[in-house]
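Each of the next two complexes has chain A plus one more chain, namely chain B in the first and chain C in the second.
Take a look at the complex of A and B:
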């Protein structure tokens, strides 16, 4: 249908856009790949890749994956029931809006809040003391890192799941119940499979950023957690070793592509 | 529809409480005359006054808004034209390729975007600062504008264009008086998304900002690394107020255009 518009407008509109794609989509990827095979003096080398497969980097990659997995899992566990219950509320669009608002507050500010909340004299430790325990350092632990990340990602997980639950035909659930399915069976065999696309998009927008976060690790986790993102930032801005940073970035891109393939929607035109 | 059980209500209240608690916690202590986020001594507006008296901070705030508005505007122009261009491509393969390329920056981790842009700017000799930040923000906002405008273009009835042409409209007229007005809700939505992307961005800016120039996110980061400062809390109060206003505005535009897309992520 849209193809017809073409004949009636010039190719002109496409020129700045194509220019943008070449300069800011294709060139940066090419440059990252190019830099990944350069040493500190700008000569060709594969040592960066060799270095990536040493235990230090492999361990870092594995732990980054582990944290990203934990973050995604907990985000999903909290987000799914929330999205489900939201679709049952009376003014569901309004409630969804209220879920979205915190996600529009600057990430840094929300992270900063937890420096106070988890601090040695913060409200959480005050609560711990009420129950007769000694206050302890919650900040700069991997727990605080996972907690804050889950907090940050929950709205982004809720939105796609809410949308797919909202689109679901409710008579399917009634049919399942009428045919004698328990509520758990209904959920497992009807509701969840029908909303799997929403879950997949939710995983996509959580898992990939969770691999690459670096400000939360720096502010909340101290040096307890090093993600792939932290390592890239470290190499680029602290060690000034762009080659190694680019190599890690190449792998991060590869993991991203794999995640995308893994969470790809089967039905056509799921996302524009 | 059945009413929610007490358990379900409790759960929802719990989730909302957890989502909002940190934000209100920040805002609450922004009125604290003590210097910390622990003991509330007495009510004061001194931290808000401190924000407005700090001329460096004000300049950073203005820079942030300027970058957001400018990058939003430029990205909206490039993105809208791009979307019009994309729907006009006949070759399906070509069109899908462009759409895939369009989504690369949306799904890419921002660390990778930041690092690769840093290499790019260094290579072509762009000085790090206002220009590099602005260009980066334009670059990562273009794809979201395209995604917001495309559905509007696709739902447009082509006979509108045929009719305009039959009635003697030039190509320019068709674009300016038929296509653009029809897709304007998508354009506004795209502009809004671009604004929020820009205002919210930290990682990309952090990489390409250099020494002299700073945006709010980057400034908050360096302040937070130095420890707790209630000036940040006062900024949170201001940001929260502005965000709520933007969200309300976006909500109404969205409602009018009945766009399906909700929220964005960077």
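Take a look at the complex of A and C:
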């Protein structure tokens, strides 16, 4: 009798949640999978999947991973030291706030701002001219694409790293020093391993969205960078090939799931 | 051979916000002894340890280690290991790796690491616990891991910052014995910090009593207990009765409205002083035979003895530890020996105190 009541009370509050998941997660994915096995005429086919394994799409996949990797790497390289310095400041929550606020500004606005900054008549090129050089094409290069993406993702990387650094017991650092560790060894053997969970969350929230970027890619990199994200856009909006677009999306979802599994947090650590 | 291992010379510490934490600290520590820094919370005990360990710098003054000035030696190059107040064990490493941490940094050979860690764990009664995670260890066990992690490096000095304060009473008493025994077996210099006077008295070769960033008194536990330099030390080290008095002349003191014979001297005639009498030195007797006549206010049974709170006619409180019972509300006499009266000058420095004690103190005493 007891279990019956328990079951009822336990499941009741879950109903809205289950409903939400069904409507906004399961249904869209099912739809994508459904479209991915249709050809242009709406007949069942697996050619889309076969096409994905041709060099064109494999190269695109590789390029997506490569840019996502570069973006994540530079974001991490910038965010970790920044987060570390933030935890050392006096008003760290305030400083953190100042870094987070720009992330609330609309992504499109920020991207357009960079178009202005990087453009041929923008301030950067004005500077270059002051020093007597000819204006350079900064926009529509893979450099500007990675730069802007890193800028966009930095706050999302800083937050989890900051939190894990802030949570760490500072006397552990003294303990490491006390036992003879140099600053670098202390970082390598104590600080970094203890903040690895924050780093993993940071990688998750950067790498996964970076894998499917398309708007920044289009606006900043023009057609210099072609990734899975831009390919999906292309298939849906230009080629009107919803089947192929969905197939790419299916693979993108797959890659995201793999990334999440890869950066999953373990509760326990091993040796040094 | 010079036996001094650590020396502080005029060490002060102040922070940017103007707070002065240590005022002119001077001391010399000998090799192989158990030292205790005793004082209330916030008096600067941890700061002294942090200066020795190298986690913070002295604002002025010099710190010597084996005769060499070490103010500028970084923490990781000092021959000192610390047992932290919160143990500071690395949560991502198991017990073995926590203890091995210092040896791995020094690039000791794997076989030697294994031997030394096992030996250190055996030393603290944790043999066989190497593979446990820190989260699986109890408070007392964690504390032992912290000690093993310090001693395995074979440092000359081990600093212990209130390592027992988080343990329950029974375990704490047990660990007091173990730590003291460990120090004697290792023959290392221990600098132990505590705010618990009983702990300090039970464990130390020498105690430094601190208050407000100053060393108020240093000496063996017996010295400090029997001859506290002032009201603060007397009050902090054990329970005591402290009343205002007047030193009529050498060996004659007046307090609680009467004159008494005592064993102290060296003050000016009619100098104002503080008088200390320990509760266990007061004996219950009949009012006729008592040097003091008091009324029993409350009585508590403390296991071994009764603790009586009594008041004399002037309203001074007298705590009495007695094996005999008394009746609450009754008038009783209190008897004591001249040696039980301890006279303290107001604002006397430790150096003057020692000098005076040499001249007048304990001749007919003990």
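Just so we're on the same page, the second predicted complex is superposed on the first by the 250 of 272 C-alpha atoms of A that agree within 3 Å, B and C clash if a C-alpha of one lies under 4 Å from a C-alpha of the other, contacts with A are read in each partner's own complex, and residues count from 1 in each chain.
Here is the rule we go by: a residue touches a chain if its C-beta (ideal position, glycine included) is under 8 Å from a C-beta of that chain, and two chains touch if they have at least 3 such contacts.
Since we're looking at a predicted model, the values are computed, not measured.
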item: Combined model on chain A: chain C and chain B, fit or clash; value: fit
item: Which superposed partner A:193 touches (first chain B, second chain C, both, neither); value: second
item: Of chain B and chain C, the chain that contacts the larger number of chain A residues; value: B
item: Which superposed partner A:86 touches (first chain B, second chain C, both, neither); value: first
item: Chain B versus chain C as contact partner of A:42, first or second or both or neither; value: neither
item: Touching partner for A:253 - first (chain B), second (chain C), both, neither; value: first
item: Angle, in degrees and to the nearest 10, that opens at chain A between the C-alpha centres of chain B and chain C; value: 90
item: Chain B versus chain C as contact partner of A:172, first or second or both or neither; value: second
item: Chain C versus chain B - closest C-alpha approach in the superposed model, Å; value: 9
item: Interface residues of chain A shared between complexes with chain B and chain C; value: 272
item: Residue ranges of chain A in contact with chain B within the complex; value: 1-14, 16-18, 20-21, 23-29, 31-32, 35, 78, 81-82, 85-86, 88-89, 95-117, 119, 121-123, 126, 151, 154-156, 159, 163, 204-205, 208-209, 211-212, 214-215, 218-219, 228-229, 232-233, 236-237, 242, 245-246, 249, 252-253, 256, 260, 272
item: Footprint of chain A on chain B - complex, ascending; value: 1-2, 4, 8, 11-12, 15-16, 18-23, 25-26, 29, 36-38, 77-79, 81-82, 84-90, 98, 101-102, 104-105, 107-113, 115-120, 123, 139-140, 142, 146-147, 150-151, 153-154, 156, 158, 161-162, 165, 171, 174-175, 179, 196, 199-200, 202-203, 206-207, 216-217, 220-221, 224-225, 228, 232, 235-236, 239-240, 243-244, 246-247, 251, 260, 262-263, 265
item: For the chain A and chain C complex, residues of the former touching the latter; value: 169, 171-172, 174-182, 185, 189-190, 193-194, 268-269, 271-272
item: Touching residues on chain C, where the partner in the complex is chain A; value: 53-55, 74-77, 80-82, 84-86, 88-94, 97, 101-102, 104-106, 133, 149, 153
